[in-house]
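Labels run A, B, C and D following the written order; every chain starts at residue 1.
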Amino acid sequence: MSHSATAHLPGWAANTLFSRQHQPADTVVALGDIRIGGGRPVIIAGPCSVESEAQILETAHLLRTHGAQMLRGGAFKPRTSPYSFQGLGQKGLELLAMARSASGLPVVTEVMDTADVGLVAEYADVLQIGSRNMQNFPLLKAVGRLRKPVLLKRGMAATLEEFLMSAEYILAEGNFQVILCERGIRTFSDYARNTLDLNIVPAVRRISHLPIIVDPSHGTGHRELVTPMSLAALACGAQGLIIETHPRPDTALSDAGQTISIEHFAQLMEQINHFVAWQQHYADITDPT
Amino acid sequence: MSHSATAHLPGWAANTLFSRQHQPADTVVALGDIRIGGGRPVIIAGPCSVESEAQILETAHLLRTHGAQMLRGGAFKPRTSPYSFQGLGQKGLELLAMARSASGLPVVTEVMDTADVGLVAEYADVLQIGSRNMQNFPLLKAVGRLRKPVLLKRGMAATLEEFLMSAEYILAEGNFQVILCERGIRTFSDYARNTLDLNIVPAVRRISHLPIIVDPSHGTGHRELVTPMSLAALACGAQGLIIETHPRPDTALSDAGQTISIEHFAQLMEQINHFVAWQQHYADITDPT
Amino acid sequence: MSHSATAHLPGWAANTLFSRQHQPADTVVALGDIRIGGGRPVIIAGPCSVESEAQILETAHLLRTHGAQMLRGGAFKPRTSPYSFQGLGQKGLELLAMARSASGLPVVTEVMDTADVGLVAEYADVLQIGSRNMQNFPLLKAVGRLRKPVLLKRGMAATLEEFLMSAEYILAEGNFQVILCERGIRTFSDYARNTLDLNIVPAVRRISHLPIIVDPSHGTGHRELVTPMSLAALACGAQGLIIETHPRPDTALSDAGQTISIEHFAQLMEQINHFVAWQQHYADITDPT
Amino acid sequence: MSHSATAHLPGWAANTLFSRQHQPADTVVALGDIRIGGGRPVIIAGPCSVESEAQILETAHLLRTHGAQMLRGGAFKPRTSPYSFQGLGQKGLELLAMARSASGLPVVTEVMDTADVGLVAEYADVLQIGSRNMQNFPLLKAVGRLRKPVLLKRGMAATLEEFLMSAEYILAEGNFQVILCERGIRTFSDYARNTLDLNIVPAVRRISHLPIIVDPSHGTGHRELVTPMSLAALACGAQGLIIETHPRPDTALSDAGQTISIEHFAQLMEQINHFVAWQQHYADITDPT
C-alpha cells in the first residue's frame, strides 16, 4: 500500500502528529519481538475479565500454544450496571503479571481512571483506553505522559476525526506508541451487538501512520461471526486482532455470547496463518523492487 | 401526570434506586429557593466557557435580570482537539464563584476527572457530568460520594437503560441529588448538530423519580432552533432547561453557533413564562382534588 | 415566526420550488373549511388499518364528536412480512368513502403503487406517500400529476435535503398541495419504536413554505408517549398531528401498541384545544401589528 | 462453512422460504455458465449510469477483457433531486442489450416502478431492486411474478429481518432466483458515504440459503476504499461483488467519486483472482471429504 498521496488529507488532519503529513512511514510499536504495525498482523487474545488464577494461567498457556502473541484480560471493568461484576482490580493486575511470567505473553489491560494509571502501568505492557473513555481527555493526557504503548479503542459514536484527535491527545503529550482499535459502532442495526465499521481501517491507514487493529468480538457480539470478520479485517488492512477467548466461554463472567473457546481460537489461528501467508506471498510477487 | 403504573417498568429497572418502584414520588433537588423537579421548570443559562471576569459577571447579571435561576459555565472543557481552548481551569471556577456572589445565582459546572472532584465541589453548587463521561464509572462513583447535586448529561449514543444505570452509579454511592439531562443524540441526521430525543423525557418520567431537564443548545446546534425546542421540551414534561447564552455570541470561544444572545434569551424567557403559566393554569383546572 | 431571512438557506435549496426563496408566504392546503398550514393546527385521526365497516364508521363518528378534522385509515398497507395483514385494498377505500359520507370528515389514505394512484385518488381527499416510499420517485411523479393534496411522510433514514427534494418531485410536476410529515427516524435508540426528530419542524419552517405535521404514533410507538409528544410537536411549530386511534386498540390488526383509544383521544383533544388557545392568545398579545 | 445448526434461527425466520430450515443447501442462481452462490464469487462491474453507446460498449469490452462476468448499468436512475440526470430510460436498456451482444456479458439493471417491470425484463438478465425500493412491496411482488433473477439491495436503514422479509415477498410469489446485496447503511459516520455492514454477510449465510454479494462502491463512496473492502467482503463470505467502473470516472454523470477506472478494476481483479485461488486452496486442504 502506497501512502504518498498526503495531498488529499482532510482539513482537520493538517498540522497533527498522527497524520502521514507529519510522518509518512508507518509507526511500529515494538514489544520485545512483537512489532505492531510492521509486518505480520499481531494476534491478541484472552478473556473479557480476569476471573481467577487458574482461569488466566490456563488461558495464557493455551493461547500461547495456539499462536497468540499477546494476552488481554480486564482487571478494571466498565459495566453498564453498578451491580455487575466490576473486575478484580489490583488482584487482577497481579494475576495478569503472573500469567505473563508463566507464558511469556505481554499483557494488555484497561485503565479507567487517571488515579489508576500509575498502578496499571506497573503491571501492563500495553494500557487500553476503552470505548467509553475515548474522549476522557484527562485520562488520554495521563497515558500520554507514560512511555508505554496505549491501545485506544474507538468510541461507540466516534467519527474518524474524533477518533484520531483522541489519539492526538496522547501523541501531544509525547507518547508516540499508540495503537488504534476499531470495535464496532452503535447503529440502528440490531442483529449484531455493534456494527463493525471496517471501512475505517483503510481510511485510517491513508490518513495516519498509526497502526490499527480490529476487535471482532465486540464488533459483532456473536461467536459465529468472529472467524469471518477476523479474516475480513485482515483483508482490508488491519494490522492485528484482539479476540475474546475463554477456556469455557459459557461460564465467562462477562461477554459470554461473543467469547470463543480455545478450540475455536485454534481453528481461527490456522485460517489466519494461511491467510497471512497468502497476503505475504501476494505482496512479494507484486512488489516491483 | 400520574405515575402509579409501576407494573410496566422494563425488566432492567427492577431493584434499582432510580425507579418509581423504589420511590413513587418525584425527587426534588433543592438549591436555596430553587426546586428542580418540584413545580415550575428551572432555567439554567450561561456561556459554554468561562472566558474572563468581565464576561461571566456581565452574563450573570443580565441573566438574573431576565429570569434565569442558575448560571452555567465551563471551567474544564472537553474538546475534540487538544489544541482547542481547554477552559480556564481553577481560575474559571474562581470566576464562577465571583459571579455567584455578585448575582446570587447558584453555579453549575463540569468536572471531567476524579482528581478534580474535590476542587470543583468547593466552587460549584451543582457538578455536571458531561456526555463524553456518562459512562466514566470512577467519576460517577466519585460524585456519588459527594453530598452535592449532580447534573448527568446523556451520552451521545446512550440507550435509556445505560442513561439511567449511570445515574444508578451515583445513587448507589448514597447521593440522591441527581438531575438528568437530554442533550441530543448522534444519528445520521446532519442538518442539526445532534438529534434532540424528546421522547426520552416522558419515558424517563414514567420509569424514574429523578428530574430531567433538556439542553436545546447542544440538542440542536443552531440558535434559531433554541426557542421552539425549549417550548417543545417543556410541553412534553421537561423540568428545566439549560441554555448556552453569551452577551456577544459570535465572539464566544466555543459553541458560538448554538449560543444565543441576552436579547434572544430575554424573549425566550417571556415565552417560557407565558407557557409555564398556561401549564400551571391547565393543571389547576384539570386537577380533580 | 418571521421567515424573512432567506439569505441563510442551505445551498441545496437554491432554485427549488419548496423554498421560501421561491415563495415567502406559507402554503395553505385547503379542504373545504379545513386549512392546513394556515392558522390552527389540523388534527387527523383514525385507525392504522381499515378493518370493517363497523370499525371505520364507529371510529369516524366518535372522532368527529371529539374534534378530529380528518380521518386517516390504511386500505393498502405496507407490511414487513408478506404474511401480515395487507389491508382491504379497494374495499377499504370504499369503506373510507362511506365513513366520509357519514361523518363529513375528509379522508387521507396511503397509495403504494403508481398503478393504484388513479384508484386511490377516486376515493381519497389526501393521498399519503408512506415512509418506505419517500424516495419512490415514479410514485412521487404520479401524485405530482394529480391536483389533490399529498401527505408526504419522511423516510426512516432521510436527511432534511432528501425529504424536501422528494417534495420537490411532486411540486415539479405541478402539484403544489404538499403536506410534509415527520414520523420518527431510525436510530440506535431502542426504548421507542422510532426517534421523533422534532428539530426538523422549525428547520423545515425556516427553509420551506410547505406545511409540516407530526405523527406521534409512529414517532414513539407507545401509547403513553402520544399525548406529551403531541403537545411538544405543536409547541415547536407543527401545523397538525396525525394520530392512530381505534375504539378497541388492543384488537387492532396493526400497530396496536401505539394506537390510542377514543377516550384517550378525547382527553388529548382537550389538552390540544387549551394549548392552541394559549398559542393563539400569545401570538395575539405579542403581534406588533 | 457448515450450516446445519438451524436450531438457532431467529424467531422471525420460522416458516419462511428464505431460511435454511426451508432449504438447507445454498441457492445457486445460474446465468449461462455463471453460477451465483455456487463456487467462485461473481464479479459484476459497470458504470453507475448508461450514458451513451460508446461509453457502454467500451466499458463492456474492457471489463470482459479484465475478467468481469456481468455488466451493470443504470437506465432508470433514482436521484435525490428531480433536476439531476434521471437516466436514459428505454434507450439505456437498448444500449445495455447492445453491450451484452457485443461482449457476451449478462446485464443487470434497476427497475423502479411496477409499470416498467415488463419492459425492463425484456432487456435485463437480472433485475435490480435498489435500496430506496427495498420495501416497495408492489414492486417486490411484481418481480416475484417473473422467472428472472432479482438482485435485491438492502435499504439504507433496513434491519436484517426487514431485508430477508423483503426477499420473502419475491419468493412468496414463486421466484426463487433472488440475490441479496449489502451496499452500506446510513449511520452517524461521515467520513464514508455509507457504513458497509459486512457483519451481515456471515449472518445472512447462516440464516438463509440465498446468495449475498457486496457493493463496495456505494458501501464506501470513495474509490480508494474499493479494493480493500472488496477483499474484506470476499474474506467474510460474500459470493460476489458489484463495482462501479467507468473508462473515465471523473466524467461520469453520477457517482463519480466512488467509481473506479478500468486500470484500477484490472488491478483489483488481479488481487481478487489471487485471493479466490487462496480461498479455494484453503477449502480444499481443510475439506475432510
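The rule is simple: a contact is a pair of C-beta atoms (placed from the backbone, for glycine too) under 8 Å apart; a residue touches a chain by one contact, two chains touch by 3 or more.
Everything quoted here is computed from the prediction, not taken from an experiment.
Visitor: Looking at CA centres, what chain is most distant from chain A?
Guide: Most remote chain from chain A, centroid-wise, comes out as C.
Visitor: Check B-D against B-C and say which one is joined by more contacting C-beta pairs.
Guide: B-C
Visitor: Taking each chain's centre as the mean position of its Cα atoms, how many Å separate chain A from chain B?
Guide: 35
Visitor: In whole angstrom, what separates the CA-based centres of chain B and chain D?
Guide: Whole-Å distance between the two chain centres: 48.
Visitor: Centre to centre, by mean C-alpha position, how many angstrom separate chain B and chain C?
Guide: 33
Visitor: What are the residue numbers in chain B that touch two or more other chains?
Guide: Chain B, residues with two or more chain partners: 157, 161, 186-188, 190.
Visitor: Can you list the residues on chain B that touch chain A in the complex?
Guide: Contacts found on chain B: 12, 78-83, 112-116, 132-133, 135-139, 141, 155-157, 161-162, 165, 168-169, 172, 186.
Visitor: Spell out the residues on chain C that touch chain A in their complex, using ranges where they run on.
Guide: The touching residues are 186-188, 190.
Visitor: In their complex, what parts of chain B are in touch with chain C?
Guide: Interface residues on the chain B side: 10, 157, 159-161, 185, 187-192, 195-203, 206, 219-220, 222, 224-225, 228-229, 231-237, 270-271, 274-275, 278, 282.
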